[in-house]
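Before I ask anything, here is the structure I am working with.
By letter and in written order, the chains are A, B, C, D and E; residue numbering begins at 1 in each of them.
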Amino acid sequence: MQRIGVFVCHCGTNIAATVDVKAVAEALSHEPGVVISQDYQYMCSESGQNLVKDAIKEHKLSGVVICSCSPRMHENTFRKAAASAGLNPYLVEIANIREQCSWIHKEIATATEKAIILGRAAVAKVHLNTPLTSMESPVVKRALVIGGGIAGIQTALDIAEAGFDVDIVEKKPTIGGKMAQIDKTFPTLDCAACILTPKMVEASQNEHITIHSFSEVEEVKGFVGNFTVKIRKKARYVDETKCTGCGLCTEKCPMKKVPNEFNMGLDNRSAVYIPFAQAVPKVATIDPNYCMMLKNGKCGVCSKVCSVGAIDYKQEDRIIEEKYGAIVVATGFDPIKLDKYDEFAYSQCPDVVTSLELERLMNAAGPNGGTLLRPSDKTHPHTIVFVQCVGSRCDDSKGKPYCSKICCMYTAKHAMLIREKYPDTEVYVFYIDVRTPGKNFDEFYRRAVEQYNVHYIKGMVGKVTPKSDGKIGVQASDLLSNEQLHIDADMVVLAAAIEPDKTARPLATMLTTQMDTNDFFTEAHPKLRPVESATAGIFLSGACQGPKDIPETVAQGSAAAAKAIGLLCKNSITCNPCVAHSDELKCNGCSSCEKVCPYGAITYIEKEFRMPDRTTAIRRVASVNPAVCQGCGACTVACPSGAMDLNGFSNSQIMAEVDAICK
Amino acid sequence: MQVNENKEFQPLIVAFCCNWCSYAGADLSGTNRLNYPTNVKIIRVPCSCRVNPMFILRAFQRGADGVILCGCHPGDCHYTSGNYFTRRRMTLLFSMLDFLGIERDRTRVEWVSAAEGAKFAATMNEFTEAVKKLGPNRRLEDLRCRKQ
Amino acid sequence: MNKNLKEQVLRSSGVNVLKCMRCGKCSGTCPSYDEMEYHPHQFVYMVEKGDIETLMKSESIYKCLTCFACVDRCPRGVQPAKVVEAVRLAAVRQQDGNRLSADQIPSLLDEDLPQQAIVTAMRKYAK
Amino acid sequence: MLKISLSRLDELFAAIAEKQALYIPADRADGAAEFRKWEPGTAMSSKLNTLRSAKDFFFPQTEDLVDFKMEGKNIDIIDRRSEHEDFVIFGVRACDARSFTILDKVFLSEPVDSFYKDRRDHGTVVTMACTRPAETCFCGAFGIDATEPEGDAACWSDGEDLFIKANTDKGRAFIDSISSLLEEGDTAKLDQVKAKTKEILSRLPLAGLSTAAFGGDTLNEHFNSEKWGQLSESCLGCGTCTFVCPTCQCYDIKDVKTANGIRRFRCWDSCMYSDFTKMAHGNPRTSQLERFRQRFMHKLVYFPANNDGEFGCVGCGRCLSKCPISMNIVKVMKALEVK
Amino acid sequence: MQEAMIKRAKELLADGSVKRVIGWKRGEFAYDITPAVFESAEELDKDFVFDVFTSANVSKYLVKESKKEGKVLVFLKPCDTYSLNQLTKEHRVDRDNVYVIGIPGGPKLDIEKIRAKGITGILSVRNENFTLKIETLYGEETMPFSDAILDKCASCKSKKHVTYDELIGEDGDILDSDRFDMVEKLENMTAQERYDFWREQLSKCIRCNACRNVCPACTCEKCVFDDPASGVENKAAADSFEEKMFHIIRAFHVAGRCTDCGECSRVCPQNIPLHLLNRKFIKDINSLYGEYQAGADTTSRAPLTDYTAEDCESSIVHERGVE
């Protein structure tokens, strides 16, 4: 038999002014199971809490109902009070008679009647409450960072700094990501390599950091604190442990006609290559699509010239398995393909380039050694047109609906750098809006206009036409002077929209994290939890979550690291006990629940059962991981047999509330 | 359901509110002292997707005259996708009730965020009025469950 | 501002002018730009403002070639050409103001004008 | 024998209904026949039998027993029993009429089921002889003569007139109450009709069905038969056979939560259901084989063992036509009688 | 056809590829056919039948049979293959342990429709050029074949087998059926008319559970209606609410999973058109969330375990059809 205590709070006059609290206490004292029903001035005060604690002890209460303010306000207060008096905290229920009764109603009679009904529902519910205990789940003290760009590097360094082991998985042969390809950074115009490469070296030398370059995540299992990840280490046909990065093989390789992806295909590399001079790890990789030895067994030059015998044509992909407590996603971005925007003639004309291509064209390690020359005829361009928002801010059918955020600033940077280095060059920037929120950003843009005399023209370019004389006709409307402009340019630079890396979506599926329609990872809360995914233990760093510039990326990388460190610091995590659980005897193993679980908390096991007809059978049944389940209850409704139920909000509890209200 | 010959019909309305948005929205309308009728009684659930069609039928069985389900706005679910499942489930359930000839206005789903205290109160006022117009729920009531 | 006219233009064009982000790409790509008093982006903006009578009075409505370059290029899918067409249609519907009188025709005739165009014009504007 | 012209049937019904409630078989919209309270204009069905059996009159599918009314912590117990009014069921077939004898053995033996007895005391059963038996009929196997039905009073039709004869005191009182409408009539034509019906009965496909292999003393032989496995393997475990059966008499007692207490009621149960006779320890019959076997052993062995050889089946054929998978007592009997 | 089926079944039994055969067994009359498991050539020869009355969908028996030792051969009509796929998808049937022979579908006959013509004492039914010759105790009767077709066959949705290991006879196509006509007709009634329609229909329910127990989608280890813990358990339709409750919840539980095999209506001893409830859900799902045929495959996501951010709001119910 239940022994329930009811405590009605006056909340000063907040409740007592419109609800006859004495009448409520009196009415509820007659409810089945209620052994004590009291009212008090301020239930949440220390003396109010003591009243509850004493009653629990004196009356040996098996359940407590507090009629007071919203449970969102003081549920925890009263749970703690109950716990300190030896009652399981989950045997406390709150009837919200302030926010949802006294504050919204005026007439005492009806408000009191409603308060009694709300109290009665809470009593009915608490009858069915069960003691719940939070589970503890151990935390593996190692983190995985997926993606080795500046976001991943920053996150890894910060986590390593805190003393935890961290692995970086990078699909390319070197870490560094997009930032390594960038020439200078805004708004300070310092050289990207100068600030990035020391961090890359630091990462490679940190004893806590392991870099798996040329590797990809193959499979993710487990849950917060305890992920098991399979990583595919792709065959690079070079023994990483032996290669010294001397580069002799790359010099001697006879196959030199391979488009160099690091330079955006603007020049060539050899079949065995090191992406760039400061690559980390500085190890050669053989491109099997071009290597003649791998393609038809005829060559072997690299193997002959390698003094340490690092070349291994027989190398195969390797799968390694590792356990992690936290995973940080830092898969970054890519510029979109521009093939479908034929109005900008990107595919037809080599002198129409993307901004990232321009970065390489201007970079000292780029195809022209840092001299800006037209790709087509290697001549100096005198008129350069920049087109903003190519593929950004579009209708869904035309491109990306979002603003790519970084283009305004890097274009100002490009324009400024060009005007500084080549003052004889006219630079036009066609913009829709110039968006420069950020520290020193607008000042930077104004400098481009005021000091460097870059021509900013409001209006999107309508048409780009390569001409027979090598010039490029640019047609655009100047919306402010209301005239159509026709510019004969030597080069056109397109600020292509950026999109999440193609590997992000399959990865999100593996991680059971959410993505938006643009394939950006969705944060757990857009304002308050911006670096966590909704899946516990998975954190987001950098542009995989949305377009970002470098400072923001680094900030988010560090924030994600802080969140991961917070998790790794714990020896175990306390789980919310209000989670789903499956009655295995009723479970059909139909997988409906698994399909609606946003957290991947449900798995299936084959289990032997003694059936009611005295036989044994192996049945497939659902099993909820309480460490992963967040307690939404979606599965409870998807389950046709009612095998799934939710602690704290069980079917019978909610129906008891319904019954009590509908009396 | 309470009928008094001299008094206006007072419908009984059960509102299921998700803990994160709508229940907080209801709290907010309290904090802002925005009135809505006492007819509305709120049941707190973790997420709108916790509401089993069985609960709604149960309420009608036991004499509720209207049932309203409130959750976070689509896209804002605390659990990321719960209200999307709710939306499908309730659309189909309501359509079925309609198919069986149960008055449409007795059921509703409304998305109320934690900031929309005013919307919560307005919704409850409006819904109560709509149900009041329909009169007592006769088509989906279990007569045996009435007061003896 | 004439609300009815605006509504009529919006309805007959089926265009949501509020989608326009004022990038001017329509005008940037327009081959008739120099012929027009009001340019495609202005059409969109002026329709949004409800300033339709000005557009109806302007020769611009007959200068649009309906080549649909603006429709194709618009990043927001606004379809300016349809707006121009709708304004033109609004003008045509007010037949009295637009109908040619018989004695005006000879001076307008041009030997290079295809016969079919003349017949079409007659059909369109004659009562 | 007393008779009334069939053309005056409505007059007869009106006269009966004037004194007490009258139920006759009538066709419903979907073509099936059901017992319906007669009111002017209700036409008697020409169907052989009603879809549901006539047992509902004495043993309805659900019946409230008692209310527990709670006020605060007090519980009031309210008896839901109320004295029934007199009623007449007209047109019951011979098979269903026999089913009342079987139900009586269950409900009227000590301890008497007062709910059942009350209804039984107030009900007068007027039967109607069959003239067009169906292929699913096998009442003959249980010694029932469809041309000589039991009941408080029995009726026959020869196509022109309705003949009526009392079998019991209640029947005699019933006939007395309508005697003003009746006249003495010649049964020559009726005898011909009866003879013709008897001839058809002898030609029924199931006419040769015999109960010889069954009875109270055949328990061990049948209980342990290996045939139950095959017979029951396709049984869905639904309660259709039980619920259309005129003799199935098992019920469950259940509680329903009301606004302020509990209402206790009883409702038909089916031995085909997995929770049938579930007790604290669980379920005595855990497989569908056992449950299936229970139903037929009960009708063919246990019931006669306890009731002077009376079988728990009347051969009405309802389960033959309604079982979703067409497994039925005839197939069971035929399978089991082969040694 | 029957001979070919028996022959093939015997071959597969003989060479040990299958241990058991699920098919249909001859009864006392022309029409009372029972689904059965055959384990030997003799049993097949003696009782195996396939004709116009073998309408029962035997796929549900595979839940039990596929878990037994040895492979089971099952003969499935096109509609039955949808049920099997759905069961496979929900891990209720071990498909690897089942050998499916696809056989042509209906139209099958409904004995109740013959009886409804007043034909009684039925001894045999023969189909001659689409006229049924029915021998009865009271002489021979005739009626058009088309008048006796089972409702579920009359609105057949597909003659295509969606899963099989081999076929006997030709495979057919997915058909354009008129199966939603009655649902639409009801939708166009007023709420009062719909209420009256269903009150009349559902008041006939005797809660025998035949619809549930025959349903290939209802294979729960423990049905909520049998489970006192569920809060909806009950044995009898004691009140008009209970009738509605049972059928609403049942239809909802199979929504998005029901293949529209029509067995529920076929077996209802009270002739309640239960399939209309399931079809209502199918129709809604098709129109609101895109065409979906449960059981058409074993991988797609069921509509109720899926969503898009652009789904319609439930207020659409208020906006369409007749109040």
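One rule holds in what follows: contacts are C-beta pairs under 8 Å (C-beta built on N, C-alpha and C of every residue); 3 or more make two chains touch, one makes a residue touch a chain.
The shown structure was predicted, so the numbers you read here are calculated from the model rather than taken from an experiment.
Engineer: Can you list every chain that touches chain C and also touches chain D?
Structural biologist: A
Engineer: Could you name all chains that are in contact with chain B and with chain D at the same time?
Structural biologist: A, E
Engineer: If we define chain centres by averaging CA atoms, which chain lands farthest from chain C? Would you check?
Structural biologist: Using the mean of the C-alpha atoms as each chain's centre, the farthest one from chain C is D.
Engineer: Comparing A-C against A-D, which pair counts more contacting C-beta pairs?
Structural biologist: Per the contact counts, A-C leads.
Engineer: Quick check: how many Å separate the C-alpha centres of chain D and chain E?
Structural biologist: 30
Engineer: How far is the middle of chain A from the middle of chain B, if each middle is the mean of its Cα atoms, in Å?
Structural biologist: Those two chain centres are 35 Å apart.
Engineer: For chain B versus chain C, what separation do you get between their C-alpha means, in angstrom?
Structural biologist: Here chain B and chain C have centroids separated by 51 Å.
Engineer: Can you list the residues of chain D that touch 2 or more other chains?
Structural biologist: Within chain D, the residues that touch at least two other chains are 256-257, 259-260, 274.
Engineer: Please list all residues of chain E that touch 2 or more other chains.
Structural biologist: 224, 230-231, 238, 304-306, 309
Engineer: By the touch rule stated above, which residues of chain C touch at least two different other chains?
Structural biologist: In chain C, no residue touches two or more other chains.
Engineer: What pairs of chains are touching here?
Structural biologist: Pairwise, the chains that meet the contact rule are A-B, A-C, A-D, A-E, B-D, B-E, D-E.
Engineer: Under the stated contact criterion, what part of chain D meets chain A in this complex?
Structural biologist: Per the touch definition, chain D meets chain A at residues 70, 72-73, 257, 259-260, 274, 282-283, 286-287.
Engineer: Name, in rising order, each residue of chain A that touches chain E in their complex.
Structural biologist: 517, 585-592, 595-596, 604, 617, 619-620, 638, 640-643, 651-652, 655
Engineer: Spell out the residues on chain E that touch chain A in their complex, using ranges where they run on.
Structural biologist: It comes out as residues 67, 90-92, 219-224, 227, 229-231, 253-254, 257, 301-302, 304-306, 309.
Engineer: Going by the contact rule set out above, which residues of chain D touch chain E in the complex?
Structural biologist: 29-32, 48, 51-52, 61-62, 132-136, 200, 203-206, 230, 233-234, 236-240, 242-244, 252, 254, 256, 265, 267-270, 273-275, 320-322, 324-328, 330-331, 334
Engineer: In their complex, what parts of chain D are in touch with chain B?
Structural biologist: 67, 69, 78, 256-261, 263
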